[in-house]
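Once you scroll down, you'll see the structures, which are given as structure tokens.
Shared chain: chain A. Partners: chain B in the first complex, chain C in the second.
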Partner chain A sequence: MLVILPGKCFEQKAACVFRHGNKFAIYPRSQTTSNTPIAIENQILDIRQDILLFTPILRKLVNESNGTYLSLQKAAETAKTSDNQVEFLKLSRQYRSIIRVCIENLQEAAAKETDGVNKNSLLSYVTIFYSIECIWHLCEILYVDNIPGDIVLPFLLEWVRFHFPCHEQTAAQLLEACERGSEDHPEYWDTVIGMVVQGRVDVARALMKLHSSVDSNEFKLVDNSLRSMPVYSIYGGISTGEFTISWKHWQAECRSKLTSRVLSSQPKLELIMRLIIGDYSAFESIRDMYTSWFDLLGGWVMFTSPWARRHELGAAAAACAGMTAAAAAPRTHLDLMVRALLDGDLHQVIHEIQQMSDNGWFATHLTDILFHCGKLKILDKHQTNVTGRLRDSLVLEYGCLLMEHKSLWSVGLSYLATCPPEGLRRAELILERMPLHSNAKAMRLLAEAKKYGLHELARGVCVCMSTRALGVDGGGGGGAGVGAALAWAVRARGGGGGGGGAACGRAAARALRAYGARGALPAADLLLTAGPHLLLHDTLLLLGKYCDFHRLYKNREFKKAGKLLVSLITSKIAPDYFWETLLLDTLPLLESDELIFSSEDTYEIMLCLELKSSSLSGEKADLLRLALVRNLARASLAGEESSGE
Partner chain B sequence: MINVINTIDTGHEDMIHDAELDYYGLRLATCSSDNSVKIYDIKSGTQTLAADLKGHFGPVWQVAWAHPKYGNLLASCSYDRKVIIWKEAGEWTKLYEYAGHESSVNSVAWAPAEYGLILACCSSDGSLSIITYIQDSGNWDVKKIPAAHAIGVNSISWCPAISADLNLDPLSNKDAPKRIVTGGCDNLIKIWREQGDQWIEENRLEMHMDWVRDVAWAPSLGLQRSMIASCSQDKRVVIWTSDDNVSWTPTILNTFDDVVWSLSWSLTGNILAVSGGDNKVSLWKESADGQWLCISEVAKGLGQAPNEERSTL
Partner chain C sequence: MPLDVQGTFVSQKINKVKWIPEEYVETNCFLTGSWDDDVNSIKVWTLERIHEEEEDIEYPRPLSEYTVDGDVTQIKLIDNNKIAVSTSNGDVRLLEISAYDKKSPLREIHVWEKLHSFGSDQCSCTSLDNLDGDIATIGEDGNFNILNSRRGEITRTINGADSCSLHSVCFIKHNEVITGNFRGHMKIWDLRSDTNKPAASFLLAGDEMAATCILNHPTQPHIILAGSESGSLAVWDLRINSFPTSLLNAHSAGVTEMQFHPENPQKLLTCSVSGEIWDWNMEAMTKSTKGPDNQVTTWLPLEDKNAMMVNSLMPALHKSINTLHCDKGKIICGADNEAIYLIKNFKY
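And then the complex of A and B:
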């Protein structure tokens, strides 16, 4: 990582403040003051680390591998009780096919791209993912797949052919043309030899048949040797011991043919014979035809120890890697990884992979699958097994990285959730700071929080949204803000537990005051359907019931409305500023044609009126007193009538 | 690869002393020797000046954003011995002013939101103040801790609510005692615990050989581990760890070439940014085996991190 900052703004001391994840800000900071103001360019730099995975073209890779990762976690769960190696292999292949699709997309995009810089970066991505697929494939062969008898040669050859398809095209062309005298083709011999070192003996023989002197003794001799090479097959019915004996016998025969010098007139055929007896100097002599030693690895194992098991590959790798004048040339990263892999040093492999600039995608997913396959055992310097910790730390890192992206965050969350308890705690820390730009964003955050049981977070989001809605309304605008604040506050408590009560109270109080000021109740429909949520806070309960009173009154159900109003007055839950409203609301009911309040009710209202004289006094109070007295008279008469009957 | 995505011209007429991003990282507050506090909206790569707050009569040392569930609140502290809490309600206005210190107020920090709206500040007069908003009355209650550090207190930081008492279940525990860490001119770091309505000195951590400039309690990850970073004039940064918040083990992160002025933990506490008098900001990360490694260095001119040549295949 290299950072060059404009020099001028750092005449002063620098300091740093973190934003989210890959972003931070640097500013010139000073702890001291001077007597004269120092005129400097006071700039703050917003700095971001570029994340390869956030490139839109790689979105598919991130999303699809997430699906495979989650399936793998499930498979790992079942693997605890039963052997699930087949499933792991399937998932490993799934990962690889995702990478291959990704490489294809990148290549396609690179072909279309006209801008040189962009094209180059696309091509560099291709290189990165190409290496990833190559390593993953080898890992799969060596650690995920259950190879029958542990004889890796066929798989190794397949790997070499797949990833280093040298001469393949020429071979196909030559065979298709099927012309005698193909040796005139400039790459004829290179192709034949290439097929031999890739272990494609049949193809090599077919090509040799196209040579004009195919009928010569020399050709027959080599063809015969190639044809008679014993090939081991686990299902062939012979033991490895028997196979080894017959193979060694075959090679001894080849060797004696070679020493008889019958091939001295045909140096290319001689070279082929030297290769198949596993002659080191022969391999060395053709090394320069290939860009890497991997090309030769399959052939080398095939002609020196075809029965090799996984753990014996390290020596073969060392031999091949050493086969070169170019040994002095700098080793590539891929070199180091393949060597470490063949040496069985997975710790080193993972260490090397972490240096790749794919932001941990590869290291995380590969380590995870190896961990679940039980193939990873990493000890620290105290010989404690830290494999689980390594896997967790990679998954956490990767998950946190994705959390920083404005639309990939839920993918990141799914990774963090697979590393309890630290993963979810980290998720919480990041999620609660996720900007809530809109209601939709807040709702989405809420849904994800609930999915992972992050109830505290969900409540926090609701309370913040509620507070914000009140803030919007702070200027004295319409009731929309209060309504939204109420809705969010109620939602905060929806999940149970504590926390949203205060927010409910705040929003409800604002609504009551708004009613006092403007005479309109916000969010009436919400309140009428809130049900048990009203019990969250006294003020909210009052607001809800008061709303209900309005509904009854509008529906001309005056008796019920009156009863409700009296209960609101007598319960004394109303805040002081609302008493005037409550008391004055009795007036129309007192004055109605029908008798609404009984004498007991009237007494209660009278009592409250006197107790709350600070809330209601003067002309309005007198008016109410008069109405109350008149109502009392009516009620007494009505009472006498009914008792007299 | 690192990119400068944005440059914010603060327009301060004198040195900047602090810059803090709000909870969501959408707003930046800065303060300066020109006595002012400025707030910028930095949405989508552009920045606009949202407010220029004038109310202090001396250099403003530090600013701190409150949790958004209490609305948009910003606290600032100054050489003029005052702490001001600003509130945005349409416009930014002064909500509360605290003038209970006899010397420069050097640092302010809001308590974890779970505890309510509480602000802690510390001063060159050697004392600390804990200012609590009382919801019911709408008043602010002040508790002062006198003579906390001799000569003066430079920095203050709260223990995250979740790891406040590590012996309890970290996720459900609410009643854990509140803790604060402070660093002072007596070369000491002190940990304070609330007990009843008192704040008592619970611990003093001795390691630094000169003034402690900054202390920062790391965010909690729900693990049985608490972490504090401290830096000092003695050019050292020390990481203090504890599994019970009572006994603390120091690890020297590094000895730098110059005085280390300030520290900043990343959101999830896995990276520590250290800035010093040598014009450098370095980022440190704890490896799986507990070693602290420098993962990046940002400096005037050139900076370099290990493994540069290996970053691409």
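And then the complex of A and C:
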């Protein structure tokens, strides 16, 4: 891919750095410094790969397949103890139906689209997903499904019929019209042969009945041969050996009919006979009728080795692929994948799938299901089994890709969570950096963190939200910020650790300073109900107790308030900036009509005042000293009175 | 007929759904509000049959889209064709759905921009509730507003109603509103009083988790239910408030929305972050019984709680179900897996 950088600033030199996710930035960079400032507008370009899966139609696929993926993980968990092949097959079908729905949606959108470029890209997505479904189906037949006796032929024929429906419509039309002399239809013979090659012998015979000379001997002969073809069934009660014998016998009979040259007058019938005895040149001669060799595969297997097991298909595939078409079409991706699949080389298959431009959706999900079915065995060059690692690396890659999307992050997370332990570590790193614009999102992130046991992340989110709330308060004023910061900080405590405590301290300090500046204590409603959470940090404890002091004072419970205040002063947990407030708060209590502080309390306050005299201005300190002395006098008198009695 | 569940993927995480009420025909249209995406919107949908031969299968089809800044946090119906919408950028909007042609886009009647804010910083308006045209809005700033939908005015603002962010609100009466905050602290506000002090306040539970939704009982207005972020469900009898009469450990993660069935108040529907949608039979819970001291108690004694009937309406999803709305036998719910689910043939 080549992009021409716009703007003059890139003409000299440009450099680039990786940003997070699949982004990188390009910026102008010049090594030489010039004295005269150059007047060009500098630009930084953010370049990002367009992710196909993030288009609205494909997001449906992403979300729906995520559900199936997670069900599959659950099924795999139970499969450890019991055989669960049926469940896997069900899920594989579910995946395929999801792909088909997606193809339908894409086609619908393409039909509505008027812009040529968009239409083309939609149609190219359709092609991609068609081949995905085709490969998946074949994989399902060969590796997921538990075929009785391993005889894959009926399934293979079904696959061909399903994905390469040729002549289907013509056949239906002809049969519906049911007219003698249908051979006048230009595609009559192509259709009959097509049906034979697809293994639909009954349809082919029904079509032949519509030929005007159906009563001729030649027709009767071919019809008879087709009718008497032995069909193997695992439940038919005969062994493969017996079947092979009867089948070979039948083919020998057909061959002798052919060599007797009774059919020479009817070249088309002769061709059919040659096809059913598995004549290579006959197959090769009709190769041009089809766009790919897949169309012939079913017929070839049917008429050469109907008892073939899945691991014997490689030879058939090689034979069919070898039939040269007149207009030799270049080998397509699909070709290579189907070949590799029939050869049983799953490593190659996955390698090829990764080249598809679907952002790894297919490779991830297919590898995962094959891995869980136990059908995947990939060895590295040291002959160690790396299947698990391959599956994990694909899932991790896919999960990380989804994490980049603003809305699909939770989907991505559920993928990463299925690859412990590395997946969750990666998730943690990405989620830590996720922008949090609202409490709702932060709370959802917390719920996810709890679900996956990411306690460190949960704490990080809480501390981050707490700090964010403090930042907000700096601008507007009012108590909301501090309250929210405290609430988040308290949440961060879960599981211990220092982050929560420090955040509590910060928020509490902010509250104390806010009180100092404005004279109203923020978040009083929170502090009065905080209970044991106050113990998380000294400053928070001070704040909580100080708030309690306010409450007592307002309720005119001066004795209790005084006691609390003295304990706050003597415990010396207050930060320096708060000493002034604490000490001055004693003034109204010292001056009250009723004696509140005992002489011991007064001594303590005096001591603290002298120790912290720097935090009060001279005038205030003097005033306080005076009040203290007067209170001491009152207290001593009262003390003497009580002791004298 | 058995319960019929049908999911449709919509490429948006759905945060709110609401049926659009109809006067004389069966409801067929609904609203969705999305969240947590690059562009969020409110969409009007209709249910329609694509294949004539399939009698019962109806697919939602979008009719119109109204994009908003931020996440849609709440949608409430003011009357049959007016809705109030709150968004995470602090705006509250009053929108009109055309009564004749649902295809025509939603029309703005009134917009209160930045009703909730942290000075110049953005602040989410987390929820709203309405009663007879009065709208109560709350936000992360801890403020609380009463709006008049007819005149488009702010009739009352309580700044700093809470020191934390508020997360749920519900009208109890015309003059009483209950709010729940981030720590599960519930406050009842008397709108007649001039002081900005709550008339009562109490805690949802001891675990300090947020109150995510509040609901009052349609026929017994003194009964209030609240859902918690922890997944539990609390019930209060406001005549004896301060402690919940029952606290039920319900879902395994946060309750996201609750609704009493409009036709049968004995049926409660709840959905949760854990991807569950449940139907509760509240008959046993709300039956009036004479207590031991001969006083009428509305709630069952503890030992009978096992008798409560709870059904799961749908196998649990792998992602959160954010919202539900029920109309007669049809329930619609929206989830974080970018799908909406239509549940039909619900017996009530």
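A few points about this structure:
Here is the rule we use: the second predicted complex is superposed on the first by the 512 of 645 C-alpha atoms of A that agree within 3 Å, B and C clash if a C-alpha of one lies under 4 Å from a C-alpha of the other, contacts with A are read in each partner's own complex, and residues count from 1 in each chain.
Basically, a contact is a pair of C-beta atoms (placed from the backbone, for glycine too) under 8 Å apart; a residue touches a chain by one contact, two chains touch by 3 or more.
A quick note: this is a predicted structure, and the numbers were derived from the prediction, not measured.
By the touch criterion stated above, A:Lys441 is placed in contact with chain C alone, chain B being left untouched. Set side by side, chain B and chain C differ in how many residues of chain A they touch, and the one touching more is B.
In the superposition on chain A, A:Cys464 makes contact with chain B only, not with chain C.
Once the two complexes are overlaid on the shared chain, A:Gly618 sits clear of chain B and of chain C alike. In the superposition on chain A, contact is made by A:Leu429 with chain B only, not with chain C. Judged by the touch definition given at the top, the superposed model places A:Met356 against chain B, while chain C stays out of reach.
Contacts of A:Ser407 after superposition: chain C is touched, whereas chain B is not reached.
Applying the stated contact rule after C-alpha superposition, one finds that A:Gly116 touches neither chain B nor chain C. Touched by chain B in one complex and by chain C in the other are residues 475 of chain A.
Across the complex, chain A is touched by residues 9-13, 35-38, 70-71, 73, 88, 117-124, 126, 140-143, 159-160, 162-165, 167, 182-183, 185, 201, 203, 208, 210, 229, 253-254, 273, 317-320, 336-339 of chain C.
Of all residues in chain B, only 1-21, 23-26, 28, 30, 32-34, 42, 45, 59, 68-72, 79, 88-90, 113, 135, 162, 171, 213, 219-223, 261-262, 264-271, 273, 275-277, 279-281, 283, 288-289, 295-305, 307-308, 310-313 touch chain A in the complex they form. Residues 56-57, 59-60, 63-64, 66-67, 70, 406-407, 410-411, 414, 437-441, 443-444, 447, 450-451, 472-473, 475-484, 486-487, 490-491, 522-526, 529, 533 of chain A touch chain C in their complex.
Within the complex formed with chain B, the residues of chain A that make contact are 1-7, 10, 12-21, 23-31, 33-34, 37-50, 124, 127-128, 131, 332-334, 355-357, 380-381, 386, 389-390, 393, 400, 421-422, 424-426, 429-430, 432-436, 460, 463-464, 467-468, 471, 474-475, 502-503.
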